[in-house]
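Okay, got some structures for you below.
In the two assemblies presented below, subunit A is common to both, partnered first by subunit B and then by subunit C.
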Partner chain A sequence: MSSATKQVGSGIGGWVGHMVDAAAAIPGHYGNLLAKRRGRTIALTLLGLLALTYPLIYNQFLAGLSRNVFPLPVPDETTMTFMLIFGIMAIGLNIVVGFAGLLDLGYVAFYALGAYTAAFFASPHFGSISIVLFSNVVSGFPGIHLPFWMILPMAVLVAATFGALLGAPTLRLRGDYLAIVTLGFGEIVPVFFKNLAAITFTFTIGGVTLISLQDVNLTGGPLGINPIDPFVILGVGFGATSGVAAVYFAMALTIIGIIVARNLERSRMGRAWGAIREDETAAEMMGVNTVRTKLLAFALGASFAGVAGAFQASYLGATTSDFFQFSTSILVLIMVILGGIGNIWGVLAGAIVLVYIDKTLLIWLGQRIGSVAPDFPNPSQFNFLIFGILLVVMMRFRPEGFIPSRQRAAELSVHGLEEAETAMGVDVETDNVSVAPPGQAELDREAELPSDLDDL
Partner chain B sequence: MTTSTMDVGLTGAIPDDEILVRTRGVTKRFGGLVAVNNVDFDIPRRSIVSLIGPNGAGKTTFFNMITGAYVPTTGQIEFDGQQIVYMKGKKLRSRKPHEVTAMGIGRTFQNIRLFGTMSALDNVRTGIHVHLKSHWWDAIVRTPSMLNEEQSSIDEGMRLLELVGLERRPETWARNLPYGDQRRLEIARALGTRPKLLLLDEPTAGMNASETRQMTDFIRKLRAELGLTVLLIEHDMRVVMGISDRITVLDHGEVIAEGNPAEVRANPRVIEAYLGRGAAEA
Partner chain C sequence: MVRGIIAFALFQVFGVVFFGAEQFFQTEVIGFSNGLIFALVALGYTLVYGIIELINFAHGDVFMLGSMLAFLLIGPIFAVTVDTPVLLKVGIILLVLGVTMIGTAALNVSIERVAYKPLRNAPKLAPLISAIGMSFVLQNVGLLLAGPGNKSIDNIFGTANILSVFGIEGVTINIQQVFVAIVTIPLLIVLSWFVSTTRQGKAMRATAQDPDTAGLMGVDVNRTIAITFLIAGALAGAAGVVQILYNNTTVWNLGFRFGLNSFTAAVLGGIGNLQGAVLGALVLGFINAFSDRFFSTNWTNALVFGILIAILVFKPTGLLGQQLADRA
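The block that comes next holds the complex of A and B.
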């Protein structure tokens, strides 16, 4: 940013010109990095290439090896897709929790809203009507069938709207109280979807019946809705049976999510969120419209879950309210905390690691153990126990997460900060390492506690 | 260095067009406690006015009403010809703090409240935030206008850091700056809001003699170079007497004295409020 001293031209032409300039500058930046921190740059490049090609490597080579020669704990296509679906959610939750510092325990609600948006508008569920638009479903087929590029914006819109609706009553709440209200919302939405299978409702004013519903099945109840159309581009579907194609589709969504979150972080909105996280009262006094800024964090964070939910529903071809338990909210929150709250790459890593443990490692372990000792309990039953232990261990030894944000690292430990900056390639400036005398941290924490208007 | 103080009139005796802040009958009650009682107060443009008084006199409460953090129980507050407090139905309402900031009031805090893990420059740019126009969708697609605005906010932030003497370490986190620098950064952040009125809540608290002198010189410089009006809460009497054009003394929420430094110093009610009845009689 600081290098962009020249003014950027206005209008579409200016934007295109800027993007071309930015793209042209990438090889130069990369060369610089390569010269400055050779080992790290090469390692990250290889890691990136591996991430991009892994689905193909798995598909061509590892899957066969694992099936025919020796069972390996390598993630398969479904696991990879879910890694990315949860990655998108973790990036979204990180906007709310990491950037703006608002604890949201009801995040699964937006995941559910996204999934049901896809279910309503791309399935034969509403069989009495037939709307088929730009879809490869045969025209005249019962139900509403919209293409994914209409479903995704709708899911974003629905989730963001409800995100703002959830945000509105919580604006005056801070800390624990905020968490409790969001928790309530996260419980309400799945129950809502579970129970709207037979709505009978009449609304009459002055003898005139305005609304009359008889046994309307809106959400399919506990059975849910299926089949949901997969996303399709040029005849290629991205359902669960498409294997590698779905992984790459999810990867594209994730990359868009990373870019959006990163651009938001590096803007006046990102600074306003940081200010609210640090000191909400001071932020308000410095001209930050805290109401609007917090609502924006809720809405934008929720829209990521909307996208993830819509893709998940179309990927699996079905959705039921069972997918959207409170434990899913907690799981995403654990991903954010373990990965490194506030850091986009960290939370993505958190999602990948936890989904890997949950869907590949524990199942593989179960099979290995089962082949030796069939009576031994299957470890995948204890996934949350294992996540809990992992969380406790991490909090003890590396509380700032796998790839911490600089803020979190400094808050939690001097040591962690140095490591984080080394890991992230930021020069360790001694300026930014608070060398506090023993006990100072506790004093600081105490000083932070009463942050009400009274001590202005 | 001593600059002659401006000769400014007393509350009620200043021509309207020279008044930046005017309060009439401002009262704030917290339950049964009257924190501020019926305060009339005028601040002339380009003046440095101090608000003093013993602990608990209601100075900070008064500050908080001007900035919109508290709604007065009764009274009027007018800033630059606009009402900060207004009636809505039968209830007295106040503009929100961020709206007041946008009108042109910047402030610092008694106990420093910087955004600790944000860089010095980003702290100042958060002050500028209220004057930036780009939306979140501009941020996502990096529109040229957003990028130019970001760049100009960096330039403005650096200029302000230079003004307070912090330009050499713009990337340092606020919490890692020395105490005196943090005080100055808070002023730079307040200046980022492009204020007409700067409210300083004990700007020299915790400073030694030479830092204090630097700070008072700096406040004078702000008025001279930026044409700011400054309202100051301060306990250090040397600072107050040296810098103020006019001093208003609060005690138990009421104005007990008003005038230039010499008048206030000689006022028996002020001596009584600070030192007790015996001292005033002696």
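The block that comes next holds the complex of A and C.
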């Protein structure tokens, strides 16, 4: 990729210039690819076109067919939108897990933060005040009503801030301890959203009451916040009832996500992530600022979930803390693993396939089976049985995923590691969550590095 | 040790003054019983982590399946009630304990064979993810077998207060709580004896320290790991029986929260350290009971996770653990 090696200018202007250059280079690249790998390029082009036109095909043709002739296991608009929402999250989690090699089991927290950002700033929830800005909501209507294009950067900011907050204390941790801390964080955040519904709190210093809260309902409690303003531009809505428009909006968000993630992967930061993933100690010795690098991985990865959460909330028009369970974190992780850890296209495909299985195929199967044998367990209730088996089987037989990144495939397969070691004649640090494999652990311990980053 | 005793004594004085003696001691009784059940499960986490450095995510769900099996035996199959003759009751409980422990031990060993053993040489992410997958599989097996609702049995011990024999009425210790101690404490002693004095226990400790060297010294590492899972599974099964007889209810997703509580206990005590796991479990049982009683049940989980995060971040060796400090 010539565009990747070119010096990128600083600031937004430089970035825009870079994007324009990259866009201008696309036809040339495409011609090259068509010449070199004809079959693959044509197949991928067709796949891309299908993805772009599928919502319309469904809307014009498949939906009616499925409704009137015979039920088909085809994804509907809601499923398509959720494919893309989870696609955005999978791309974001891939930054943390795939690029930087930090196992995050609490990713759902950032999804929740994004959703509640949208809920706080675009709903009648805070009815005692009225702030209406650039919104289609009538001025003077109770609550805060900001338009979605303002919510989105706020969600990014909130999620990224909390990502960095989570990242900060976990910098010293490695491997499975890090995984558990992130899991705990992912469990705590929804608890807060669930419980902060009746806050009574007074803070007094020297007889002067500084803060006095009486039964403040911050988060709507277990019921959540409902309704949330839909996103409307020029009379076109992007909510759950607006059909194809929302799918294309989600697609636009996903494409932006892909571009951002691809550029990050190939940036200086992306190479730093690769370095700390491969061997944190060595990376630090080479001058990589591990603190900054890890914090940025957490913050940037989290911001994707923030976008997904804000969009999900405005799409559904409601949010409750029950959406944000540990199983959602794991679902996104399975998408990343199934698709191919480290590979943006792989994880996107993983998200699409898994949401398809979860929201269309199993429900369709359940209806088919239910019409024949009503007593048979409904497969859509046992989706996580299937996903659990999938995880175990994938780890056993194909840990690198179905569309792996080449580099990660070599790292993750025991075989590939041995080959790599023999070929290079060195002991390769292969550990993706930076806990050393057998043998390497002893080396690490003996190294006795002065850095306290190594203590744990 | 001395510091611990002083801290505990101060806690007692503070608690009695602050909460009032009756409420304080009652909460302590509940905390102690909870803590003993946590201890059985926490030992499973700590044994496995000690030997193969794996957070056995599925362990809480093995415990859940144990409690399901015990529910099935005590409830529908033997139909034990509070009126069952005492000798028969004891016999059935022993039988249920045996069957459940064997069942969960066999289950845990099979899980190890299927999900972890093939990944022995893979990067550490792989078995952890495999364990998470296994956890979901077991949860759904529970859901498939028992359905989505709570599964409840009758309280087979009655509600008599043991302390009323001594003329104390303000604090209640019922037979269920005594039962928890009667089952749990001997198991803890047997485990401690097994690990510290038997040949197999020595092999376990050797493997925990260094599997490669232990193998060179003639320890059958695979067999030792399998036995570790066997013991962990049996303890989880016992915990399942105790929990159904103590709380009288179980549910398919019980294992997740209970497992994380127990894991927190193991980490609090110092993961890999058996005494630490028991100590951590008791502390965590107290924290749970006091939070439920004097703070809010809604926040207990957040509190437990907050503690877990705080320990992992600030004192990852836990209260007693030093041995495995460099493992994580």
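Note that the second predicted complex is superposed on the first by the 386 of 456 C-alpha atoms of A that agree within 3 Å, B and C clash if a C-alpha of one lies under 4 Å from a C-alpha of the other, contacts with A are read in each partner's own complex, and residues count from 1 in each chain.
Just so it is clear, a contact is a pair of C-beta atoms (placed from the backbone, for glycine too) under 8 Å apart; a residue touches a chain by one contact, two chains touch by 3 or more.
These figures come from a predicted structure and were not determined experimentally.
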Return first, second, both or neither, reflecting whether A:A272 touches subunit B, subunit C, both chains, or no partner chain. first
Report for A:L385: first if it touches subunit B alone, second if subunit C alone, otherwise both or neither. second
With both complexes superposed on chain A, which partner does A:T202 reach: first (subunit B), second (subunit C), both or neither? neither
Which of subunit B and subunit C A:G11 touches, first, second, both or neither: first
Can A:L300 be said to touch subunit B (first), subunit C (second), both, or neither? first
Does subunit B (first) or subunit C (second) touch A:S212, or do both, or does neither? neither
Look at A:M286 in the shared chain and tell me whether it touches subunit B only, subunit C only, both, or neither; answer first, second, both or neither. first
Contacts of A:V260 with subunit B and subunit C, given as first, second, both or neither: first
Taking the two structures together, which residues of subunit A meet both subunit B and subunit C? 411, 431-433, 455-456
Touching subunit A in the complex, subunit B uses residues 60, 63-64, 67, 69-70, 96-98, 101-102, 107, 109-111, 113-118, 122, 125-127, 129-130, 132, 134, 136, 138-151, 153-154, 169, 171-173, 175-176, 189-190, 192-193, 201
Touching residues of subunit A toward subunit B in the complex: what are they? 1-2, 4-5, 7-11, 14-15, 18-19, 260, 263-264, 266-272, 274-275, 278-279, 281-290, 296, 300, 406-407, 410-411, 429, 431-434, 453, 455-456
Provide the residue numbers of subunit C that touch subunit A in the complex, in ascending order. 53-55, 114-115, 118-119, 121-130, 132-137, 139-141, 143-144, 211-212, 256, 260, 263, 267, 296, 298-299, 301-302, 305-306, 308-309, 312-313, 316, 325-328
Can you list the subunit A residues touching subunit C in their complex? 103, 105, 169-170, 172-177, 179-181, 183-185, 187-188, 191-192, 194-195, 326-327, 330, 333, 337, 377, 381-382, 384-385, 387-392, 394-396, 399, 411-412, 414, 430-433, 435, 437-439, 441, 445, 455-456
